[in-house]
Every structure is written in structure tokens, then in C-alpha cells.
């Protein structure tokens, strides 16, 4: 078990900066999710912690030790790759044992550790199979098993669920979280899926264009996004944005989450109803204001659904409106 | 195309690539350089010193009637070998492709000659057409035809062409069959529904779709006929009669090793070098397209 | 697949015509081989008084044992061993040095990488036929005439094999190398434990092609083996023909021709799938 610290971590490829300086102290046993759209640098960040990418400047510490120039295998980490990266010609057992063999762990201990991990992951019946004979979910488990047997201080996950179908993804998500709790290991988890981030993270790092826009607990980030980007990226359906001028305020933009807007006969703004999606427990109503801004309202299924083309007023509490300046930074309320 | 992941190190990769580079340098580049260098000199009659003649060897070479004739011979030979072997192979491949069952068995039977060395193929055909004991010669004699490739230039050329083409049929057959089987059957069925009969379908659909394979084989077969048929020529005709089957590669050998004319042989090597380079460029340009389709 | 051409092609008569055409083709392909086989099973007298028979005789054992043990200049058994050593040496040598250099080119960044790559590429333009005299001189200077190393080394560098392995290594997912690094594998360990086993099929397919390439070499052994004991079988056959007007010992020559074909034919037919794969891939 170990803490991880990133200090002013930067990465550039040639003249292009991809990571602009990240600082975070990760506590022992904490589950950190790095989330952001593709190309935001989240994978690069993880790979720098793994030692698969060199650090351009700044520092990576694992367990209080500077590891910038330490080989991946000596960093006390294990990694689960997006496409699992199982060795296709080796059995499940050999895949999981390979790192231990290289580390010259005695054979009986290798067998014991692999079997323990296999039991934990319900892989026991498959130990002699080749990866191609396994289903996607089973391969995913083998990749996890390979990480577990190393008994690493830090677990690194690079979009481990993105190759699975939706149902399996939800199931594996729960398993990963349970496993991490059980092993008490520090974890860094990269994903582009904000639902995964919300459900897994103790704290999340929301990345945007090589910058950590916000670091915080999921519900804090949701309730108090630091930037317009975070407000738009976290939450589904996304936050509604409108020009402040539209409601008679000065400069910048205003963001209101769909669940914070209520439809009424009249309100701060008037909009025309487009179509409505009845999801059962709730209904999403899509509207368009006079200047063409798209607004989504999430309302309880018990409320009446307005007809298409009808005009409605939009009502919200001032406290629930988030104000952003021209650069997209959050401006204190008031 | 580049790998994202690489290993660190300087000496290890150099060590890994060293065997190939050393062999390439010693047995490829040094001799090729020597050939170019020697082509600019002639040795004195006692072989003691070399005299600089500039492009003299090349001038002499191209003023040589036999050398110029060798170009024509090579051209005729290569074109005939390519046409005969590709023609027969395409015919067999089209037939095999029509079969639902059993094309695998025919394939197994037809790939044999690939394993037969050109020189051995030469001996087999020489045996059949031998002027004294050849069984084909004897039956031709019954029909009143007096076969004698030792004296008749046309017959000599015909024999080396057939022997060279025979060994190449397997290779062309395999590529044509693969090419034909890669054509989606739905396209052919659509043409059939449009009322096209077999020959129309072949001419308007199959042949155009097969053209990448055909072009590829054309280049590869010409290279084969140029450089890999030495064994056939050497065993059957030794370049004769009257140098009627002396292709360029055979002439380098005959002048360099039999005739000991090193300056001329070196100049011929350089000419061949230019020809291979051109053919390789053509082949590679095409191959690149093939890889990226 | 089963009904691939069911709708388009005629059945019955058309089908038989197709078979007939193919059988004629197979007969054309096989006739020379069959004739050689027949000639290797009869007495000399049956051949020198044409026409020779078209069915095998009863001298198979005598002719083959005479060829194998005595031959004309050297026993064919010796030549078979020479051919085998040359073919294996060329095939395995090419595969070994090509694997190593492809590994270096794909998985490392080192100064001169591009230049080395192009140097290897240029060897495509230098077949042995083009540089015979100077290459012969190099071998002579090294004292490698009439030696296995002289037979093998000049033919061992291969751009084709290097390109094939490079191409294959490029398709190996990057994550495998990364996983191996996280598992603690150093470059050579990754090469031996991961890359080599994954290349098995490619290596085998290439081996088939290269074995036949090596076995069927003619010009090069002709130049550098003057000692009959070092002759390879493919070039040795021609040496069996008498100079002048003597009559060739056809049964022994034809037995030798058949013997020269058997190993590569076994390789091609026995490893047909790998052979076809190797053929197609090495030409890409």
C-alpha cells in the first residue's frame, strides 16, 4: 500500500505540451479516477505514473519515493490495459505468473498466488485455457488477476471496461470497486465515461486539454463544478448553458442543471417545447429559446408532459445557477 | 508506421542488427562496389595490373553484336516465359475456381513443380527432347518432324521457354486461384442475373477485378525469367546454339567465368544492376499500394 | 461457400469438362516427372533404344542404390547431405538474422536506424546473379571455396524476411510490450518469451519458402564447389552428363533428379498451408 504524489507534472512531445502541470496527493488506499474526453491527456498521465512515458518535468512519487527514472517493474505498480494485453500464446496461468517468474519468485509461491487470485476472480476453471478461448469478461478478469498476483502498492487501470458491452461494464465496475476495497490498494483509473467516474471514484481528476480542471469527490464536483467544461462534462444529460445577457445579467455564461429547471406558464425565460423523452421514472423535455439555445429539463414522471410546439416559461432558483466568466472559470455567486 | 513503445538502449540494437549488416556489407555491397569499380578497368594480358578505361568497357560491350543480341534474346525469352506460364496457370485456376469440391486436390497436384529446381526442370525437359533418346523427339520423328534443339535456334528457345514456364505454373496458379476466390461471388451472380454468359462475365467482371494479381505476377515473372532461369539454360542449351539462348545472366557467367573477361563481365554486372533496380522500384511501388489497400 | 457457384455454373456436362481440363493440366505438369521416374526404374538399354517404355521397369532398387552410393562423380548421398546443410543453413540463417534485425528496427530507436533499414532494402536489388564474379572473389579471398560457409553466407542476408518480420512485429499490439515491461521483462526476455512464440507461424511459413530457395540454388554452388564431394545435388546432376559423345547414364541421372526433388516436394506438400501462406506473405 502506498501514497502517490504528482508534483507539477508536465509532459511534452517535441514542442507540443500534452500535460500542463498536474499536482495531487493521493492517500493510501484511495480510488482516484482520471476522467476526460479523448485527447485530454488522461492516458498519458497514467502512463507517466506507470513509467511507460518519460516525465518531461515535475515529479512522480510512489510511497514517498521519487520514481521518475525507475523502471515500471520496480515502481511497485500493476496495470490493466484497455485491450487487456494478454500474451496470446500463454495459458491463463502463465499470463498471471509471467511477472512473478521474471522476478524469480519460487514456484510453489507463484502457484499459490495465482490460485488465490484465480479464486478471487472466479477464474479457477479456466487456468489452463488460452486467452482466445475466453469471453471478453473473462479476459478482463485475467488482466486483473495478472495485476493482483504482483501484490502491487498501486493499481493502474487504463479504460479497462471500454471493450465490454454495457451490461458487463456495469457488473465489472462493481467488481473492480469491491476488489479494490478488499485489497485496500491505491488505484488510479482512467476513463472517458463520467458515470464510471462518478460511481468508482473517492476523488476524481477532471482533465481538459492537458489541465486538471478540477480535483474532488464526485458529488462535490457535480454540485460545484470549477469550470464550464466540468459542469458540461460531468452529469447526464449535461448542464444547460445560456448567455448571461439573456436573463439580464452581465458577461459570461450561466449553467443550470436539467433537474434545477421547472416548467411553468411563465418564467425567467420563455421557450418552445421540442420533443419529450419519457424514461419512466423521469421525463426529459427538450426546449428551444427564442435565440435558439437548446435547454433540457428533467422532471418527475408524475408531472404533465407538455405538447410539442407549446410555449413554456423556465423557472429556477438563483442559488442553483452557476456563473462562469468569459474564460469558462466559475465566478462566485452573487 | 512507427511503434509507440520502444526499448531504451544503444548497444543492444546495434548488436542485434550487426549480423545482417555485416553480411550485407561483405557479400552484397563490397562485391557490387567491386563490380562497378572493375567495370572501369581492363586487366593487362598477364593480369598484373589494371588499366583505367573509363566507360570503355561499356562502349565495347554495347558495340558487341552478341551482347546486343543477348538483350533481344532476354526480352523474347522473358516475355514468352511469362505469357506461357501465366496463360496456362490462369486457365487452370479458372477451371479449379469453378469446382465446388476437389479444387484442393488439384491444387495439391499442381503445386509440385514449385519444389522442382529450375536446373532439375531443365534436365527433365532435356531428357524428353534429347536428340538421341528423347521420347518426345522419337514420337515427333514418327510424325515426320525432325526435332533438333542442338542445331535449331528456334527449337532451342522453345525448349528453354517451356521448361522455364513449366516450373513457374504452380506459383502463378496459386496466386491466380487466390485472386479468383477473393472475388465476391455476389458480384458474379449479379452479372449472371444481368444475363452475362461465362465469357462475358470473365471479360467484363473477373478479368478487371483480377488485374492487381495479374500485374503483380507480370512483374514477378519477368524478374524470375531474368534471374532465376540460369539453371534451365545451363542444363539444356548452355546458351547455344550460336548464343541463341544466351540471356543476360547467362552471358555474365559465360564471359566472367568461362571467358575470363573480367572487365566486360563487371560492366555486364553493372548493366544488370541497373535493370534489377528498375524492376525492384516498379515492384515496390506496386507492393506499397498492395500493402495499404 | 457450399453453394458458391450453384446458381451461376452449369452442372453435369460442364462439370465434367472442367474436370477434364484440369486433368489435362495435371497430366502436362506430371508427364516430365513421370517420365523421369520411369527412366529411373529401367536399364540403360531400354532408354538408348527409343522409344523408352512409359511404365516403370524393375530396376528401381539397383538404379537408386547405385546413384546413392556411387553416383557418377560423387555419391548422391553425399550431395543430398550437402544440399540439406546448405538449405537448412540458408533458411535458418536468414530467419535468425532477419528476426534480430527486424526486432532492432521496430522496437528500438537508435542512430542510423533508417540508414540500416535502407541498406537492407537495397539488397533486394543485388541478387547473387548480378554480382557473381566479385562475390566469388570475396569467397576465394576468405578461403571459403568448397566450404559450407561459402555456400551459405553470401545467400543469408534477406531483405524479404526482414520486411516480413518487421511487418508482423508492427501488428503486435503495443500494449503487449508495455505489459511485459510492467511484468519486468527486459528487451531480450520480451523477444524470447513473447515475440518469438507469437511469430511461430510466420517463421514456419517462411522456413518452407526459404528451404526450397536454398535447396534449389544452382549457379552459386556451381561456381564455388569444384570438389565433387562438396557438390549439391541440384548442381551435381549436370555434372553427371559426360562431356563429348559418351552416352549419359540416364537411369542414374534420372534417379538423382527424382532424389533431388523429393525433399522439397515433401516440404511443399506436407506443409502446404504454411507454404501457401509463406508464399503470399513474403510477396507482399
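Chains here go by letter, A, B and C, matching the order in which they are written, and residues are numbered from 1 within each.
We adopt the following convention: a residue touches a chain if its C-beta (ideal position, glycine included) is under 8 Å from a C-beta of that chain, and two chains touch if they have at least 3 such contacts.
Here the structure is a predicted model, which means the values were calculated and not measured.
Relative to the centroid of every protein C-alpha atom shown, the closest chain centre, again from C-alpha atoms, is found for C. Averaging C-alpha coordinates per chain and comparing to chain B, the farthest chain turns out to be A. Computed centre separation for the pair chain A/chain C is 56 angstrom, with centres defined by C-alpha atoms. Between chain A and chain B, the centres computed from C-alpha atoms are 60 Å apart. Taking each chain's centre as the average of its CA atoms, chain B and chain C sit 16 Å apart.
Listed for chain C are residues 178, 181, each touching two or more other chains. Shown for chain B are the residues in touch with two or more other chains, namely 5.
Shown for chain A are the residues that touch two or more other chains, namely 52. Those residues of chain B lying in contact with chain C across their complex are 1, 3-7, 9-10, 12-14, 16-17, 19-21, 23-32, 34-35, 38, 88, 91-92, 95-96, 98-100, 102, 106-121, 123-125, 127-128, 132-135, 137-139, 166, 169-171, 174-175, 178, 185, 188-189, 192, 201, 216, 220, 227, 230-231, 234-235, 249, 252-253, 256-257, 262, 265-266, 269, 272-273, 276-277, 280, 284, 287, 290-291. Chain C makes touch with chain A in their complex at residues 173, 175-176, 178-185, 189, 193-194, 197-198, 200. Interface residues of chain A facing chain C in the complex, by the touch rule stated above, are 50-52, 71-74, 77-79, 81-90, 98-99, 102-103, 146.
Across the complex, chain C meets chain B through its residues 2-9, 14-15, 18-19, 21-22, 25-26, 28-33, 35-36, 39, 47-48, 50-52, 54, 96-98, 100-101, 103-111, 113, 116, 119-120, 122-127, 129-138, 153-154, 156-157, 162, 167, 169-170, 174, 177-178, 181, 187-188, 190, 212, 215-219, 222-223, 234-235, 237-238, 247, 250, 253-254, 257, 260-261, 264-265, 267-269, 272, 275-276, 279-280, 283-284.
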